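There are structures below to look over.
Next come two complexes built around chain A: one with chain B, the other with chain C.
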Partner chain A sequence: MNKLILFLALGLVFFNAGAQNRFFTKDAKINFNSSTPLEDIIAETNQATTFIDIDKNEVAFSVLTTSFKFRRALMEEHFNENYMESAKFPKAKFTGKIVSPIDWKSEKPVVVDVKGELTMHGATKAVTFKATITPGKTKVIATAELKVTPEDFKIAIPSAVRDKIAKEVTIKIDAIYAPYQQ
Partner chain B sequence: MINTMKNNLLTSVLIFGMIVLYSIPAKSQDLDALLEKESKPETTYATAIFKSTRIVNGHSVQQMKKKQLEFRVSHRFGQLNTGSYNFWGLDQGTIHLGLEYGLTDWLEFGIGRSTYEKTVDAFGKVSLLKQSSGVKNMPIQLSYMASTEVIGLNTNPAMQQNFTSRMSFINQILIARKFNESLSLQLTPTYIHRNIVPTEVERNDLFAMGIGGRYKLTKRVSFNVEYYYVYRANSSSLPITYYNPLSVGIDIETGGHVFQIMLTNSVAMREGGFIGKTTGSWTDAGIHLGFNISRVFSFNKD
Partner chain C sequence: MSKPKTLRIIIWVFLIGLICAASAIYYVFNMPRRNISKENAIYTLVAKQLISDFRSDETVATAKYLDQVVAVTGEIKSIRTLDNHSMVFSLEDQMEGVSCTVDSADVVNNSSKLAQFTIGTKGQFKGRCSGMLMDIQIINCVPQ
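Our next item is the complex of A and B:
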C-alpha cells in the first residue's frame, strides 16, 4: 500500500517537472514607430511581461500603455490622454500560438508564424506576424515585428494631425525569456 | 497496533504531499492567469490634471517636464465697456511674453516680461506630491510656486529712488485633484508681499485664496474657471476699488500648442497684478477678452 502511494507521488513529481515548460520575462522590450516626414513618433518600454509555453506553443504578452516613454513629454501625455486613453484601458495584451513547427531542443534561431489576438484601447483584433525564436534550455530569445493600424483599435486621429502620424504603426518586440519558477 | 498507526501517519503525509504537488500546476493553467499574476503591481499617477501650466491667469499644478521649454504669449484686449470708440476694447492690448523650462520633472523655472507696468517676473515651481492610485495612494497633487515681480515703470518717484521698492514677492501653494477624466479642481492659497503699494492705506501683505477648475468638453477642449478671493482688511477706506479676479476660458489643444481664450476682469497676467490690482468689474462689463498661446519645445535627445 505504502509503496504504491510512494510510486504515485514520485510519478506526480516527475509529471510535474515535465509540465514546467514555461519561460517568461518581466522586462521585454517593445517599441513602436509611427513616424512621418513631418514628425518623429517613437516610443519604447522595457516593462512588458510575457510568457511562452513550449509544450502548447502558446505566447502571451501584457504591457501597461503608460510605461511607454517618448522623447517629448507632451507627446507621451497625448498618447495616454487622447489616443490610448490609458486611464480607461491601462493594458495592451496579446495572446496567441506559434502555428509553424518549432523544435524546442534545437537551440538554433528559427522563423515562425505567430497567430493570435491583440487587445488595446478596449478593442481586440486578430493578428498574424513572423517571429524569430532561439530556443534554449536556460533562455529563449524572441524578436518579432508587426504592423497595426490605429483605426483597427478604434483609436481616433483628428484630421489636423492625420498627416503627422503614420497610417501603419510598426511594433517591434525584443524578449529574453528565462525558465518560469512557480 | 503501533505499526499500523505509523503506517497510517505515513500514508496521510504522502497523500497530503500528493495533493500539494498536484495543486501547484492546477493553479496556473493558462498563460492569461499567469500574466495577471506576474504583471508588476502598479501605481498610476494622474497625468494632465490641467492642459496647461495656467488655469487661466494663475498657475496650475502642471509644469514643464525635464528638458521641455514652453514659450507662452499672453494677450488681453481692453475693457469691453469702453464702447464703440475703443472698438469694445479691441483697440488696446496688453501683452506678456514668457519662457518656462523644466530642469527636472518636478522643478521648473520661468521668466517673463509684461507691458503691464513694464513688469519683469521670474518664478520657480516645485512639485511636492503627485496624485496617484494603486500601490502608492495619494489623493492630491501639491506644488509650491514662488515668484518675484519687478515693476519697470518710471512714473513713481519712490520706485525710482529705490530699486527694491519695485519688487513684489508671491508665494502660492497649489493643491489640485483630478476627480475623473473630465473634472479637475484646484485650491490656491496665496501670500503676496509688495515692497511698495499704490496708495498709503493699502497693506503691503496680501492674502488670497484661489479656486479654479477645468471640465473637459471633448478630449482636446476644456472649459476653465478661476476665481481668487482677496482678503483686504480695510477695503472700505481704499481710494481705489479693487475687485476679486474672475476668469472663464476655453482651452484648445492641438499637438504642441495650447490655445486659451478667456474673458477676465483683470488686465494683468501675473499674480502681483491680477490678484493685487484688478480694477475691472464683471457687473458693469469691465471685462477683457484675451488669449494665451503656449508652444512646447523638447530638448530631449535620447
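Our next item is the complex of A and C:
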C-alpha cells in the first residue's frame, strides 16, 4: 500500500514536471501614453521580458528603460537622462499575482485582477490593475492597462514642464507567451 | 548718430538674436536621432565576452556598456521577426545570450546582408547596449 502511494506520488511529480506550467516571452510590447492638452507623449518598446506561472498564478515583467522609443529624440533623451535616470536605474520591474479565479484550460479570454509591486526609478509601489488573459496550450495572450503617477516613483518633473506631462501616465501591455522550456 | 538710426540697429540686433534663438530651439527640439551605423563602435568583442562580463558583475558591466555602441560577434541561435517588422538575432544562447534587434527601417536597408545570417552561422552586429534582462540587449543594430 505504501509503495503504491509512493508510486502514485512520484507519478504525480513526473506528470507535473512534464506539464507546461511556465510561459514566457522576450518580445512583450509596452507602451505608455501621457496626454495633456499641450502635448501627447507616446513611447513604445517591444523588448519586455515576461513570465507567467500558471500553477502559482504568478506574473513577472521586466524592461530596460533605454529601449523605449519616442517620436522625438529629445523626448527620449529627457526621459532617460532627467526623469528615469536610466544610467542609475536601467530596469523597470513588476512582480505580482493574478488574484481573481482563472481556468487555464478554458482557452477563452477572461478579465482578471492582478496585484503586485512595480519598481522603477529605484522606487517600489503596490499596484493593482485589470488584465485580459486568453489561456491556451501553446500560447497565452495577455493585455493589460494600468495608470501610474510619476511622483509615486520619485520622478521629479520641473514645474516649467509639469503641464506638458500627464498627472497619470497610462501604461499598456501586450504579450503573447510561449511555453518556457528550461 | 541720430536717434532713429540707433533704434533701428537695436531692433535689427534684437531680430537677428530672436531668429538665432528660435532656430537653436527648433534644432534642439527636432534634433536627429543617433545614427548608429555612422558611429564607431566603442567596444568590439565576441558575444561570449559580453555575456561573461554581465554575468560576473551586472552593475559594473551596465555602467561600462550602457548606451555605448558595441560591435558584437557570435553564433546565431535564433532569428525572430516581431510584429513591428523589426528582427531579433540571438547570439550564443537563445534565452541568455546576446539579443541584437534590427529596427524595421534597417531590416529593409540591410536585407541582402541579413539574408545571409542563418541559424548556426556567425554574425556581427553593431548597436547600442541597453543592458541585461535575461539576455544582454543590443538595440538599433546594423549588421556588419
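One rule holds for everything that comes next: the second predicted complex is superposed on the first by the 164 of 182 C-alpha atoms of A that agree within 3 Å, B and C clash if a C-alpha of one lies under 4 Å from a C-alpha of the other, contacts with A are read in each partner's own complex, and residues count from 1 in each chain.
Basically, contacts are C-beta pairs under 8 Å (C-beta built on N, C-alpha and C of every residue); 3 or more make two chains touch, one makes a residue touch a chain.
Here the structure is a predicted model, which is why all the values come from computation and not from measurement.
Once chain A of one complex is fitted onto chain A of the other, the partner contacts of A:I102 are absent, as it touches neither chain B nor chain C. Of the two partner chains placed by the overlay, chain B and chain C both lie in contact with A:Q47. Of the two partner chains placed around the shared chain by superposition, chain B is the only one that A:N82 touches, whereas chain C remains out of contact. In the superposition on chain A, A:R22 contacts chain B only, with no contact to chain C. Between chain B and chain C, it is B that contacts the larger number of residues in chain A. In the overlay built on the shared chain, the residue A:A73 is in contact with chain B and with chain C. Of the two partner chains, neither chain B nor chain C is touched by A:I157. In the superposition on chain A, A:L64 makes contact with both chain B and chain C. Shared interface residues of chain A, touching chain B in one complex and chain C in the other, are 26, 47, 49, 62, 64, 66, 72-74, 80, 87, 90-91. Residues of chain A touching chain C in their complex: 26-27, 29, 46-47, 49, 62-64, 66-67, 72-74, 76, 80, 86-87, 90-91. If you check the complex, the residues on chain A that touch chain B are 1-2, 5-6, 8-9, 12-13, 16, 19, 22, 24, 26, 47, 49-51, 53, 58-62, 64, 66, 71-74, 77-78, 80-82, 87-88, 90-91, 93, 95, 158, 160-161, 164, 180, 182.
Those residues of chain C that touch chain A in the shared complex are 28-34, 62-63, 66-67, 80, 82-84, 86, 88, 99, 101, 128, 130-135, 137, 139. Looking at the complex, you find that chain B touches chain A at residues 7, 10-11, 14-15, 17-18, 21-22, 24-25, 28, 31-32, 34-36, 38-40, 42, 44-45, 47-48, 64-66, 68, 102, 181, 219-220, 253-256, 296, 298, 300-302.
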